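Chain naming follows the written order as A, B, C, D and E, and within any one chain the residues start at number 1.
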Amino acid sequence: MSEKKFRQKKWQTTLFFTVIIVVTFISSSITKFNFIHSMTTFPSAFTWIFSNLMITEESFKKLPTILTKLNETIFMAIAASTTAAALSLFLGVMGSKTTKVNNVFSVIARVIASFSRNIPIVAWALILLISFGQNSLTGFLALFIGSVGFLTRAFIESIDEADQSSVEALTATGATYFQIISKAVIPQSLPQIISWTLFMIETNIRSATLVGILTGTGIGYSFDLYYKSMDYNTVALITFTIVITVILIELMSNYIRKVII
Amino acid sequence: MSLLEIKHLNKSYDSKTNVLKDINFEIESGDLVSVIGPSGAGKSTLLRCINRMVNFDDGKIIFDGKDTTHYKKRELRKLRTDIGMVFQHYNLVPRLTVIENVLHGRLGYKSTIQGLLSMFTEVEKENAFSLLDTLGIVEHAYKRCDQLSGGQQQRVGIARALIQNPKLILCDEPIASLDPNASKVIMTYLKQITRDMNITCIVNLHQVDVAREYSDRIIALNKGAVVFDGSHLQLTEERMNHVYGMETRELITV
Amino acid sequence: ACGEGGAEEKTDASGSDSGSSNSDDVINIVWYPNESGNDLKASRDEIGAIIEEATGKTVEHQLTTDYAIAIETLVNNNAALAFMGAVGYIEAKNGNDSIEPVVVQSGASGTLDDAIYYSWLAVDVDAQDDFKIDGEFSLDTLEDKRMSFVSNSSTSGFVVPSSTIIDYFADSSDYSDLTPEDLMEGGSLFSQVLFGNSHQGSAVNLINGNADVAAFCDGCVENYVEVAEGEENTAGAVYRVIEGAAEPFNTVEGEEFILMSVTPVLNAPIAANLEVIGEEDFKKVQEALASDDTANNEGIFVPEDSEEKGLFSKSDQERFVPVEDDWFNPIRELSNK
Amino acid sequence: MQYDLATHMKRTRTGKISLKSGEKSEKVIQLTVLSFVVLTIAAFFFFDFTGFQFKKAIVETAHNLKVMFFMPKLSHFGFGEAIFQVTITLGLAVLSTILGALIAFFLALLAATNLSKEWISRTVRVIVAFIRAVPTVLWVLIFAISAGLGSEAAVVGMLFHSIAYLVKAYSEAFEEVSPGIIESLRATGSSWWHIVKHGIVPSTSTYIMSWTFLRFEINFGVAVAMGAAAGAGGIGFELFMASGFYFDLREVGFITYAILLVAILLEMLSTRLKNRYLPSEK
Amino acid sequence: MSLLEIKHLNKSYDSKTNVLKDINFEIESGDLVSVIGPSGAGKSTLLRCINRMVNFDDGKIIFDGKDTTHYKKRELRKLRTDIGMVFQHYNLVPRLTVIENVLHGRLGYKSTIQGLLSMFTEVEKENAFSLLDTLGIVEHAYKRCDQLSGGQQQRVGIARALIQNPKLILCDEPIASLDPNASKVIMTYLKQITRDMNITCIVNLHQVDVAREYSDRIIALNKGAVVFDGSHLQLTEERMNHVYGMETRELITV
């Protein structure tokens, strides 16, 4: 690197920050975002939280129904994540440049992943709601599609990262394609795969609230219902159960991740 | 009869340069042959042509009396089960146990389904154990491979090649990543295999001294051509210079 | 320096710069989702123009995707005006005492006497026999059916029909302690409960076959349907979706439904938050809206035979009439039950 | 010989020679995979299938997808308006990402165990975990209700999760900085801020950038939903209207394409930038 | 007068075991002192106590006539600017250029703001360049550090220590990751510094031969205690055994 390049790098850094600042200003003017005002919203928001979002004894009576719905959501998230993981594993093997069978499959796998990832989950939820109506399956499918996109991308990266040398070694012993995948590629990427799947479960439980609101399923539906009847005490209780669940699952998956990697 | 016969072998990765140029030699059963030569001479490529991990352009390779040149899929798999390969970086699956890695050597004999379900027979498993025992690492059988030292891993690699029941073992710089002691163990063991089991070994080496000490015959490559082929006694200082070129030798000592 | 240039731009769908909602020269109007569509933009702008003219301030429209947000926005002093349902108004009033009704739409007579519209419970024509006992429609048949409401803050789309249903079942032994919450979720009376999130949505739920019974109001679907049989707004009347109906009804042209129950509901008010708008402007707005000019504005009160879509339709003397809080007491009693 | 060997072999209950190491990590993997399978199967029994008719749903979905993706058309607003709405959504995503990154950077310094005190780091982590656990929708709704409809509510609401996500990502990157670098700077007598500026930032800028880009992509998706809910508008509001009010599948299709296009462009842009300016160190 | 005086130094990480036990020695200005001893003897800990990267429990360290034992924040920063440190793994910031890394050595002299804005004076920059020149790597000044060889990186590390204008340089196994040639360059250079600039050097080493060849004095630690302190001539085979213990020596040769 010559001194000229060195200066060029500094110049690029300056340019980069200028671009960031300009983009920020353009964005705030398009969206009519007022920075000062947004800061002043905090006191009123927290006042509102503390005066409205209180769990009362009466709201506690609704706990059984809420827990049923929460249960539905958790199962929905897990089922969506694992089924998506199964499909994504296949797509990942097809899509990874190190294990692909041929370019056509590889491109197809990547396109599927890109489509399902880049159409926001909201859009999927609304689209599915139109055709499937308001039931668990709709929520499940919305989460499933989003998960497939994300997991395929993650799996492709994990598989790409797997050490290729053992693939070579197994080829040299005369092993078939599927044997190589199952004996050399999968065992190496399995911890990553599980780790990503766990992450997906966490994410899905988080998005299940939104998806639930949109598709009328699970805890999101209860949330929406009580929120719309302005029964904020119950909303607080629902939020509380979600928070506990998410944190528990996060702790659990952190533990698993730590042990297996 | 010779086990391996290579005739007028030519190979290029891109159409511009020939990596291997008109290679000719025969190897007898039970020999330990070293291939030496500077970096990029084509040693690895030569080895990979023999078990057809890469395809060559021109020439013939006759293995065990059969011309393998036009082998496809199934025949290729069969060929590869007859030829074991040992790698510089061992190429083990790091998260699996030693015994699992060794048994991978049997996959060539299995149908896809059998392989997927890990259906190894008890006999195969016992063989694997006794191989590990001979190699002195049986106590590590249930350890994960990434928990072993380099020398131990290389022995797992050799066990994987041996359990194939190969007629020929190809070793691509098997000791380059090992310390002198471990190298000694590995080379001695390879020598022993050729002697006791009548398995042929072709070993790529950078260490000329090691090649001299262990091999029955040395083949030297330079820029894709065979520039020496004979016993270590015939490999004089002068011929060495011819193999590596003056500059190369200097570079090595820096 | 961020967020300049909000005031002069008035893009409907983008909501508004609420940063200026507290400043003195902007009046924010919140609209329910029902009235937030692009097709009603012209009508909304007309009302905005009238208010701008009366007060000399800039009007900004805030469009919402749900009822609760709209109500809370007015309650929390983040908007000056809102066009809301009667129940929404009552909830807002409960939350903030400085909220007062400005005007409501009159009936055809031009007075408050008939300032009502109707909440319907509708079923599929072909399935009407499932809802009849001895040839008469009966609410008893609702048990285990799939129900579609509008939203649980909707007056005619939830509060009125649900209290009708609860009243009806109060005498029955099985469902004597039914609560509005029970009706929000499937399992107790209904096998499944859907929310259409708009009157149109609820109607479509029925026509699509996603629900067996749907609650919605007459006015909200009048642009899309015509009477096919029987007398308007009576049980047993059959309505048909007109040819060339706009979305969301365009896919179900010619489909028919029948009313099994009709309940009158008080018209929806435009409400104001006095703390935000101030006494003086409140009066100005009320006067301007109640004026004859407004009543004759075809952008707001669209003549019945017109092709245009508007917030209100005019068959005779319809206009805005000022009201007091008391006027909503009947509804208040309903929802207090 | 054979007898000796047996002492090294493990046998399964059926008397076969076992191949597995029986390590904890392996058992946990097996257990995890098993519970995934069991829970998934159980899930399908728990599901509430009310109102779901398989054949009808499939046929309808196929039809709807066909209408959406093969006959996209705008009917309630024009093309220019569509572009404008997309830029609003993008703007919301930009703001929440940039502000989030800025705040997260400082919080992450406090959260990184190698740069901060144990208790501070733990406190920040707990708070961040809590924030992450509360759904974004709730944050947005709270701000929309209490502070009024508009982009402020959307951005501030989205900010919470952006911060929480980035604090986690950044602090993990910071923690991976080799302790040697920090130690060597400390040994020259550098102050804490010097270490951050000259050691941490240069060593982690690649990670910071790629995590931020990733969050930006995520935020675009979130902004579609949240812009509408917070009354800040954007393409999400049009999508909501088209699907929830007009049931106009063709418009939904068009909007979906618009979103997809932007999202793919963003992904390409971020990959491009990453490859160009931040070559991976591998 | 001695530059560094260590009196009754005791240090334990956990309360159970003492890593350093009652260490006493003085070092004169301009000496190159090697510290040897088996792994875990406490060599690194000793070095880190001197510039107070770790705190010790008991005893006194007198540097340049001042008792540093109770130094806090500001005084500590000042102390560290007087003591340069060179690490086994160089500890450079990989993505930054050589010259930037060298200038990090000046941060101890800067206020927080000056440091944040990278305000280095022209004189400092010129000094950095001339140091790189002396160390023979000035042509790499604008290269990123991760593009240099190990020996080159270590020289950057030394330049970073030298630009601090230190009175003492602590080197923790500076040549452990280097090949013999590069090691030679580094050690020769350290020797030269002590001789020409009158900077004192304390060097942790594993290679006894190197310690013998370059240092004025050798201090040997074993299990936290000084077991030898004298010139290389006094370090007999027998004393060596005392330092490393018989078993350890055997282990090393395996």
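We adopt the following convention: a residue touches a chain if its C-beta (ideal position, glycine included) is under 8 Å from a C-beta of that chain, and two chains touch if they have at least 3 such contacts.
Computed from a predicted structure; not experimentally measured.
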Chains in simultaneous contact with chain A and chain C: D
Most widely separated chain from chain B, with each centre as the mean of CA atoms: C
Chain whose mean Cα position lies farthest from chain E: C
Most extensive contact between chains (C-beta pair count): A-D
Distance from chain B to chain A - Cα centre to Cα centre, in angstrom: 46
Distance between the centres, which are taken as Cα means, of chain E and chain D, whole angstrom: 45
Approximate Å spacing (C-alpha centroids) for the pair chain B, chain C: 82
Multi-chain contact sites of chain C, meaning residues that touch two or more partners: 3, 14, 16-19, 66, 72, 76, 192, 194, 210
Per-residue overlap in chain E, given as positions that touch at least 2 other chains: none
Chain A, residues touching no fewer than two other chains: 28, 31-34, 37, 44, 48, 133-134, 190-191, 227
Residues of chain D defined as touching chain A within the complex: 24-25, 28-29, 32-33, 36-37, 39-40, 42-44, 46-52, 57, 60-61, 64-65, 68, 87-88, 90-92, 94-95, 98, 129-130, 132-138, 141-143, 145-148, 150-156, 220-222, 224-225, 232, 236, 239-240, 243-244, 247, 249, 252, 255-256, 259-260, 263-264, 267, 277
Complex contacts: residues of chain A adjacent to chain B: 163, 165-166, 168-176, 178-179, 182-184, 187-188, 190-191
Chain B residues within the chain A interface of the complex: 51, 53, 76-81, 83-85, 87, 89-96, 104-110, 112, 115-116, 157, 160-161, 164
For the chain D and chain C complex, residues of the former touching the latter: 50-51, 75-77, 81, 84-85, 88, 141, 144-153, 228-234, 237-238, 240-241, 244-248
Touch list for chain A against partner chain C, complex: 25, 28-29, 31-37, 44, 48, 62, 65, 133-134, 216, 225, 227-230
